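Going in written order, the chains are labelled A, B, C and D, and every chain counts its residues from 1.
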């Protein structure tokens, strides 16, 4: 059963990823991306990470993609549809990427892990993933958490600086 | 004893102030920082001398610039008897020249530049003499050379001046190349460049020989000769003397300071400082003595017939430096340094007097166009007369004691010493002759210049005459610290310097000492007398002699054709190669291939690689991905997966 | 972590708080220069907390040791110098101040976190904090197309390299079960170097190479450096690059140290390629700003030798080199800013023609910086290179040292060309008018003095770096 | 139980599709989307590793990656907007004033 879900999710993820890249219409790309994000969230659920699944949908699908859509609206879509989508050198890129993928898949094939941490699936099930993650974030990982908040602040400041109109 | 640091760094500070702020702040007041700084150095040098006389010497590293295993480059100071003498010589002459230049250079547009160079020179010279290792000595050596070129070519608008600067630079390359090799050889064989360990361990090399062109040579001899190469270049000895007379294109105070009293004596200082090396190599010692003796005679003969007063004095300097080397070569380093010290005063005085004469004559240098100046410029006359008497070895004056000491030591050393003694004695005769020829032609007789020049004749301003008077005191009294026992003196100087350079070898009887002394006084007087007859009594004699011995006269007048010789064997062939062969090949490929090929190849490569930097983001990303992929591929291949 | 350990994090906390203060200060402070002054004071205040900050907190996630402190010293100095050279430039470019300084401080905060990161998560976040601030700063002159383009290129490639970094971190995590650098090291000592392990090393190497601009991951550098505001170029070529070296050193010489024999050959290859590309392409440039960009690539190639040599000797040589490079490079960029005026870029080689005649002091300073970049004694550049070579020779890479010397000799060509243009050419057209300001002058003075001082009296710096790494 | 390496394969495939999109697409916004794809590939692998290792680090890192991705998106799109103020082309091969 799990294998079936995994198969479905991964198939959709791969197909929609390809569609994102290959689609001619930028808006379609974003929409394909949306579908793909939902399925990635499904993978997270499969892995017992329900909080991350929620974050994936809220942040990625809800916030990031909206930003993308907004940016795409700035384009002249009609012109865009008739323009060439891929660069001249795309076959070379494809070759490089294919080689890379091959090596990665070869080296990752049959990979198993021998590490066993303290957060067994049962334990996570018992106290829920969200609570476990929350506890970790607010104790051991408080430093990166604070740094992440500063990063978001910088993003806000930066976006305003770059997008606001010129002074006088 | 930390105040010794002030000695070099005061002039350095003055240099920085003048070069950075001079143009704006001190256009006409640039002498203040420099002169005060060197005065400060002089005062501290006197204090250092007192310390040294009290037996306090010092050898320590100020700091290490680079420490790398055995290799240590440090700035350090060695203050001993030798250094103290040099400090007094350098700072005192430098100070007087600074003061003199206030009058001499007063309306030159490059006034601040002149003073900043002077300060830089003083700093470099002081670092040179205070050094406690060969590398710092080498840097100081190059730095004084640099200042010398800058100052020779000070009036760079004048072609002859900038040519002379270039000549000095090129000729010195030859000597410095040898010196540099010597320093490297010392490091390679002994693993250190500090004086004290080098001098302590140099003896261990006495058995080591290397074969050069089939000739077995002791390694110490090679080191000594390489070091001497540098000395020959810097101190203008045969055969690298050609740059010094041309260096007279620089301002006269510079000639007095750099090309008479201080920088050119650096070679002598080097030999004296490295005496533990030289003393171990009889061969090198003989070379030093013979080169010194020959130069002393040879330069004196040229000086006989020259008319340019500065050039006469320049040849005289070359000749006197020859004496110093002669002394070092026979092991009498103390006598050499003693002469260096007395010479600094009377020779600087001669130059400054010449400068004073030039000042009055509106830049005229030909002594045939002068005469009778005694009436117009009494101070200059009397001081120059004192200097000339001193250089001629008239008893009681500074030059007498030091020259007599050298000749006596040479005679006493025997062997090569006897030969160089003979050369030296003949040179002493010629010295007295040409010095007084100059005096008589310039200051006596009738004025032979133009009416306009005659109208303009005047004594120089106070800023110039006071240094003359002070130097005259030195020219008279500087030798009194080294009166030989024979004349009731204590030979204080020789005793004082002995801890550094040891006592000269060789014994001689009192009778012999009287003989050498008497002879040198005699030839001095004879020289003066001859000059008096030739140039005041019977003026036709020199003319007739010149006609009768036309070939000899021409050889002397043309300075033995050295410039022509070098022109023929070095300059022309290089120019020929440069013009014909290299130019000839530029259309071809060989030379261009080497000279232009490498840069051209890099340029060609660059222009192609540059295309990769296309400005296209995708290309950049592709290169990153490709780099990533290649790294992976390489690792996969190497690890064999 | 207990609250009593807060002193370890104090510099970062103070920097963050003061950066916010600077950001808001523009609302109340009218005079622009005051904002810059505030930024400098903030750095001083932050630096005040440094001496008491030694320690390790959050289970080794954050390490404040001699190594990180030395780098923080570089970042602070770099920030101060950048602020000093910025005010006049911002005026010419008519940009706002508050956000500019605040972003500089946030970038510095990111670099501090990078230098102190004991965990790849903190490292990644610090790196992103720095990078995001820099993307914005690069595009700070919004109305200028060059600035936009540079910013876009930097951003896209930077994000690409971050993704590669994350993949590498993921791989390392997969192999070692941890992201803690010290634990990674101890896990790896017991493991064989498998292919997947080497792959993760390569991913990390590529990502860090991008940050320090090693060829062939350097290609963003010239374009971004040329397009960015000059003051930011000066900052980027020093601070973030040093931060990249800090993490490269920490991750490779601590975390991945057991795999040293595997990554050293790769790093040597990258280093030589970098020196070649940087120096050869610098020769081609007519724009001094772009030439300096290529020169910064070449210098990264030199500095990597310190990491290749490894050990106390190599790391301290690398750190010293970065310190020295900061002064000479910011000095050179300051001269470029000095040349910039309202309608004059002053970046072309031709603009330097005859500068010695019209502005002898400026030309003299440029001469000093060019000499130092070439590595001519007695400037600091010589000292930096000397100790790098020495470390290389000491570690048995004499041939690498010789290759480096050859490339340095090539570099003399384009550095000294600037000198020749200044001193041997006659000025062309109307004289360049300099737009100096007291703060720019101060930055130049500091850089020039330190270039000379380190060149003449290097031992305090050398021994300082040795002590903190030892 | 699904083998761990299936997840890692999935992650690497998504990652590589992302790389391909970044290298081959002309439109800057799609290039940017491709980077998000790469990040998602990493995220899938990290969550899977974390789950199988019974360790939270990977999931925590994913949390941060998502946060940073949001920040990156804001800044990246702001850069695009400011670029479009001066030039209207979204094609990366037309953005090449800086080169050489």
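Annotations
Convention: contacts are C-beta pairs under 8 Å (C-beta built on N, C-alpha and C of every residue); 3 or more make two chains touch, one makes a residue touch a chain.
Computed from a prediction, not measured in an experiment: that's the story for all the values here.
The chains that touch both chain B and chain C are A, D. Each chain gets one centre point, the mean of its Cα atoms, and the points for chain C and chain D are 26 Å apart. Spacing of chain A relative to chain D, judged by their CA centroids, is 7 angstrom. Separation between the centroids of chain B and chain D, computed from CA atoms only, is 72 Å. As a whole-number value, the distance joining the C-alpha centres of chain A and chain B reads 78 Å. Among the residues of chain D, those touching two or more other chains are numbered 8, 15, 18-19, 22-24, 26, 31-32, 49, 53, 55, 60, 64, 68, 71-72, 75, 78-80, 82, 92-93, 95-100. Multi-chain contact residues of chain A (touching two or more other chains): 87, 89, 93, 96-97, 100, 103-104, 108, 111, 113, 115, 117, 141, 144, 148, 151, 154-155, 158, 160-162. Counting partner chains per residue, chain C shows two or more touched chains at residues 121, 125, 128, 132, 135-136, 139, 142-143, 151-153, 156, 160, 174, 177, 195, 199, 222-223, 284. Chain contacts in this assembly form a complete graph, since each chain touches every other chain. The touching residues of chain D, counted against chain C in their complex, run 8, 11, 15, 18, 22, 28, 31-32, 35, 38-39, 41-42, 45-46, 49, 53, 55, 57-58, 60-61, 64-65, 68, 71-72, 75-76, 78-80, 82-83, 85-87, 92, 95-100.
For chain C in complex with chain B, the residues that touch the partner chain are 152-153, 156-157, 160-161, 164, 193, 195, 198-199, 202-203, 205-206, 209-210, 216-217, 219-220, 222-223, 262, 266, 277, 280-281, 283-284, 360-361, 378, 383, 386, 390, 410, 413, 456-459. Remark: chain A residues 87, 89, 92-93, 96-97, 99-100, 103 touch chain B in the complex. Residues 2-3, 6, 10, 13-14, 17-18, 20-21, 26, 29-30, 33, 36-37, 40, 43-44, 46-49, 52, 55-56, 59-60, 63-64, 67-68, 70-72, 74-76, 80, 83-87, 89-90, 93-94, 96-98, 100-101, 104-105, 108-113, 115-121, 129, 132-133, 136-137, 141, 144-145, 148, 151-152, 154-156, 158-163 of chain A touch chain D in their complex.
Those residues of chain D lying in contact with chain A across their complex are 1-10, 12-21, 23-27, 29-30, 32-34, 36-37, 40, 43-44, 47-56, 59-60, 62-64, 66-75, 77-82, 84, 88, 90-93.
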